[in-house]
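After this come two complexes, each holding subunit A, first together with subunit B and then together with subunit C.
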Partner chain A sequence: MAITSIKNLKEFSTNNDRFEGAHLLCPGCAHSMIVRELMNCTDDNLVISSNTGCLEVSTAVYPYTSWDTSWIHIGFENAATAVTGAEAMYKARKRKGTLKDPDAPVKFVAFGGDGSTYDIGFQWLSGAMERGHDFTYICLDNENYANTGGQRSSATPIGATTSTAQAGTHSYGKKEKKKDIVSIMAAHGSPYVAQLAPNKWKSMAKGFQKALETEGPCFINTVSACTTEWKFDPKDTIHITDLATDSLMFPIYEIIDGHELNILYRPKNIIKVEDYLGAQGRYKHLFKPENKHVIEQIQSDIDKKWDMLQRREEARI
Partner chain B sequence: MAKEFDLNEVEVWDGNYAASQALRQAQIDVVAAYPITPSTPIVEGYGAYVANGYVDGEFVMVESEHAAMSGCVGAAAAGGRVATATSSQGFALMAEVLYQASGMRLPIVLTVVNRALASPLNVRGDHSDMYLGRDSGWIQLDAFNAQEAYDLPLCAFKIGENLDVRLPVMVHQDGFTTSHKAQNVYPLKDETAYNFVGDYVPVDEMLDFTRPVTHGAQTEEDWHYEHKAKQHKALMDSRPVIDEVFAQFKELTGREYKRVETYMMEDAEVALILLGSSVESAVLAAKQLREEEGIKAGIIAPRCFRPFPYDLVRDALDVPTLKAVSCMDKSAPGGAMGALFNEVSAAAYTTSSRPLISNYIYGLGGRDFAIDEAKRIMKEQKAHADAGHITTNIQQFSGLRGPKLGFYETRRS
Partner chain C sequence: MSITGSTVGTDKRGVRELGGEEKVGWDEVQQGVVLNSFDGTTEGAAFLKAEERNYADFNSYTATVASWRIIKPVYNRDICIDCQNCWVWCPDTSIISRDKQMLGIDYDHCKGCGVCVEVCPTNPKSLLMFSEATDNDEALAGWPVKEKKEK
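Let's turn to the complex of A and B:
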């Protein structure tokens, strides 16, 4: 595999750019940063699939396309199956000698939002992981159904307000905790699973490269800050993501072969989660006196998770 | 290279095994499938070929029928031959992706073993799943017996992959009555069958990296309408290609298929119009009626359900002697006249003779449809013909226990 240099951000960001700048994503959306980083970290040919969602509706509106590579979208739930169908076709045609360029290196990648990954496409993802196809699934996790106006998903954290789990006089927003998709995917026996963030672009690029290099089904959950539904200024996307990783709301780590856990980023100064929550409109109501207990709950959950991750890393399990 | 399968000149195969042999001979690149009664043996048969070296493509057993068709779409977009099989609930679960496959113009072949749709749960054959697919943008061919369940998939690849067509094709056969009934089948040699189907020609394939392609784009009110109109035109324009492929198949095998099959219609006074395995029973019944009672009975059977052969059905009905016809629908009509009745009636309206047309619902959930019942219905048509109008309700139920069920009366006298 042709790994590209990741020494210099400016150089890296313009390398082999196969995701065109003309698209309809919101200004400040982290999706395009993550997608470009994936596409720039390899020189191999790419076959990419996308579930229905913000990325898909913003990049392939006929007669235009932002994808200067092979790309397919079928439905909301089946990007994992679409790209693994293509991967099966690649194997068959390679064996039969019907490929135009049988020696061209190729990687298969599926993108899904959290709605299509944690919820509606969960079964399709699980099936593709179990079948052991050689592909990488990347979840662009913005913690809500942003494409349809910000409804709750099972990736929405407790306490966030969404249009279908609203904060109000009788509610502090979503009541349920976020699904732990990384553990679930690691439990599939995947050879490489990680949670990465675009503010830590070097570790993200390395993680992507590791997933692409690893034979078998790999899964990466990426934090994709959503200016529209998280409600922050579009210029603050990376700042908000810094708060997410420094508060350990989104710890950055990888799990190799389901058991070797490595923490990829340790904040020098771990900040309180209220600094992260307070920077976004979706958590504003939590700062009312009657909702303070939710912030305490979130902080307590973060502390326990961080403790668990460190213990696992130390114990190599 | 896949091993050659040693075949006799005549084999005793059921419809499922016949279909699986046709899929094997087409040397499919990817089969993505999920088992369901009664089409499971197609997938199992194919699995046995894979396990024993008769197939060198990929066989991907997925976790649902929705994923089966999704995998087929991804594989087909990557530029190779693709097929799968399903029935009933599996067909319903795949319905979303059926529309996507046809909208993306991918020539996938789906062998459908027709079965009732729940609820109540029922594994037996009727045409509910076939009818569910009728607006999905697929070509739908209908096999009436095991030989046709073998022949038609071979034709289906050649039709769907034709560069002027590029549409997915379903080949239907009836659950159990065809799929599980062993009959004499005359197969082609592997090489002959493959040469008939031909090599797959990739179009806009995702594995040609010199020419990146975007599959499955979004269109709103500015372009969606034009895409759907073009898709409809492609379906309508597939008619001469289907005829041509059937003609080539006849040249190769001597077996003749037409988009509308007619039996004894030249001088028919009454007729039944129906689909699937019931056609052969109805033909026997018509022959017996002619011999025993002198009733000039005939049978019309659309072989091609989509694109609906409006013109050929009209031609079949435009017989000067024809007075009364019953249109037989093997699918619960859900608050309407049967779908076949509606389409046939529309075609009949433009004939010069305008025969009387009534509607029978029959055979739901595998309820037997026997020769005696076919004869009774044709005799009833004779009574309509003699009276000059429909003497019963226009819609009736055949073989139903309990009180007689019927709806609507004619205003013709």
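Let's turn to the complex of A and C:
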């Protein structure tokens, strides 16, 4: 496997981009930062599949494609299925000796948004994980169905206002908590599961390389700040992601073989979650006096989760 | 003179306006389409720089989204330290870097989000946003000087 050097940014920048511009993602969208990084951290041939979502509709607008690799889209839910099918065929043809270049390294990657990963494509993803194909699934988690107008998904955190869980006089937005997809995927016994963020480019590139190198089904959940639905200025994408990781709303960690947990980033100064919530329009209503209990609940959930992660890391079980 | 907009790339870069094609009705669209990114083989693209690749007309590299922009980043070579922060975080593959050096901005694909300016660590910043109508040389002439730290 030809991994590229990620020792420092200068070395990393000598890679040739395989994700082209003039896709139609919003200005400042974190999706393309994550996709570019994945494609830059290896020189191998890539076979990529995308679920329906912002990434798919924006990078394959007929008659254009932004992908300089093999790329396929079939349906909303089945990027995992499509790419594992391609992987099974590749292995079979390798066994039969009908490949043109059997020694060329190939990696199989599936991209999905949070809607197609947490909700619609969940059983397809779970099935692909169980069958044990050699592929990497990357979830671009922007916490709502941004492609269709910002409906709530099961990745939307409590208190966020979305077009189908609106904050108003009788509601503080979504009332249910976010699904813990990383633990669910680790429970499948996957050899490598991680939660990563694009502002920490090095840990993200390392995680991607580890997932691509690891044989078996790997899952990575990445935080993808959405300027349109989180309601912040496009230039602040990295700043918002910084706040998300420093407030531990999105802790960065990996789980190896379903049990060995490593925390990959410990903020020097852990900031209060108010700073993260206050920077985004979708949490604006939480700062009214009657909704204060929601912020307190979010903060206590974060503290409990961080405590759990640290204890699990120490316990090495 | 400092480099402002980079000319690195093939003649095909950004020659077509998105949506400029003849439109067809919903019932005339073909289901299941294969688009080739390159004329010839796709293999080995990771080892070729953009200017060495043989892009097909289907590749969005040949399209432009410059009309989305109302503000644009202007690049000042004199201050840049080639840290490549802008390269790694540019969502539109619009920062052109070759051999660890930042060469400039691809104005055909830049949407003017301003992320590159926010992540630029120099003082004063070596990338700043200006109105699309501003001339690049004019912008460079009025570049701010180093801010002194308040004691």
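Observations
Going forward, the second predicted complex is superposed on the first by the 312 of 317 C-alpha atoms of A that agree within 3 Å, B and C clash if a C-alpha of one lies under 4 Å from a C-alpha of the other, contacts with A are read in each partner's own complex, and residues count from 1 in each chain.
As a convention for this text, a residue touches a chain if its C-beta (ideal position, glycine included) is under 8 Å from a C-beta of that chain, and two chains touch if they have at least 3 such contacts.
Bear in mind the structure is a predicted one, so any value in this text is a computation, not a measurement.
After superposition on subunit A, the partners subunit B and subunit C are seen to clash. Shared-chain residue A:Val106: touches subunit B; no touch with subunit C. Legend: residue contacts after superposition of the two complexes on their common chain; A:Tyr118 is shown touching neither subunit B nor subunit C. By the touch criterion stated above, A:Trp67 is placed in contact with subunit B and with subunit C alike. Contacts of A:His239 after superposition on the shared chain: subunit C is touched, whereas subunit B is not. In the superposition on chain A, contact of A:Tyr137 is made with neither subunit B nor subunit C.
Within the superposed three-chain model, A:Met89 lies in touch with subunit B and out of touch with subunit C [touch as defined at top]. In the superposition on chain A, contact of A:Met33 is made with subunit C only, not with subunit B. Applying the stated contact rule after C-alpha superposition, one finds that A:Tyr283 touches neither subunit B nor subunit C. Of the two partner chains, subunit C is the only one that A:Glu20 touches; subunit B does not reach it. On subunit A, the surface touched by subunit B in one complex and the surface touched by subunit C in the other have residues 45, 60-63, 65, 67-70, 101, 104 in common. Interface residues of subunit A, counted against subunit C in their complex, comprise 9-25, 27-33, 36-37, 42-45, 59-70, 101, 104, 198, 201, 227, 233-239. Interface residues of subunit A, counted against subunit B in their complex, comprise 45, 47, 49, 56-57, 60-63, 65, 67-75, 77-78, 81-86, 88-93, 95-96, 98-101, 104, 106, 123-124, 126-127, 130-131. Chain contact summary for the complex, subunit C toward subunit A: residues 14, 18, 21, 29, 33, 35, 37-38, 42-43, 45-50, 53, 57-65, 68, 82-85, 87-94, 97, 99-100, 106, 108-115, 117-119, 129.
Contact residues of subunit B toward subunit A in the complex are 29-30, 32, 56-58, 60-64, 66-67, 70-80, 82, 96-97, 100, 104, 200, 202, 206-210, 212-220, 223, 227.
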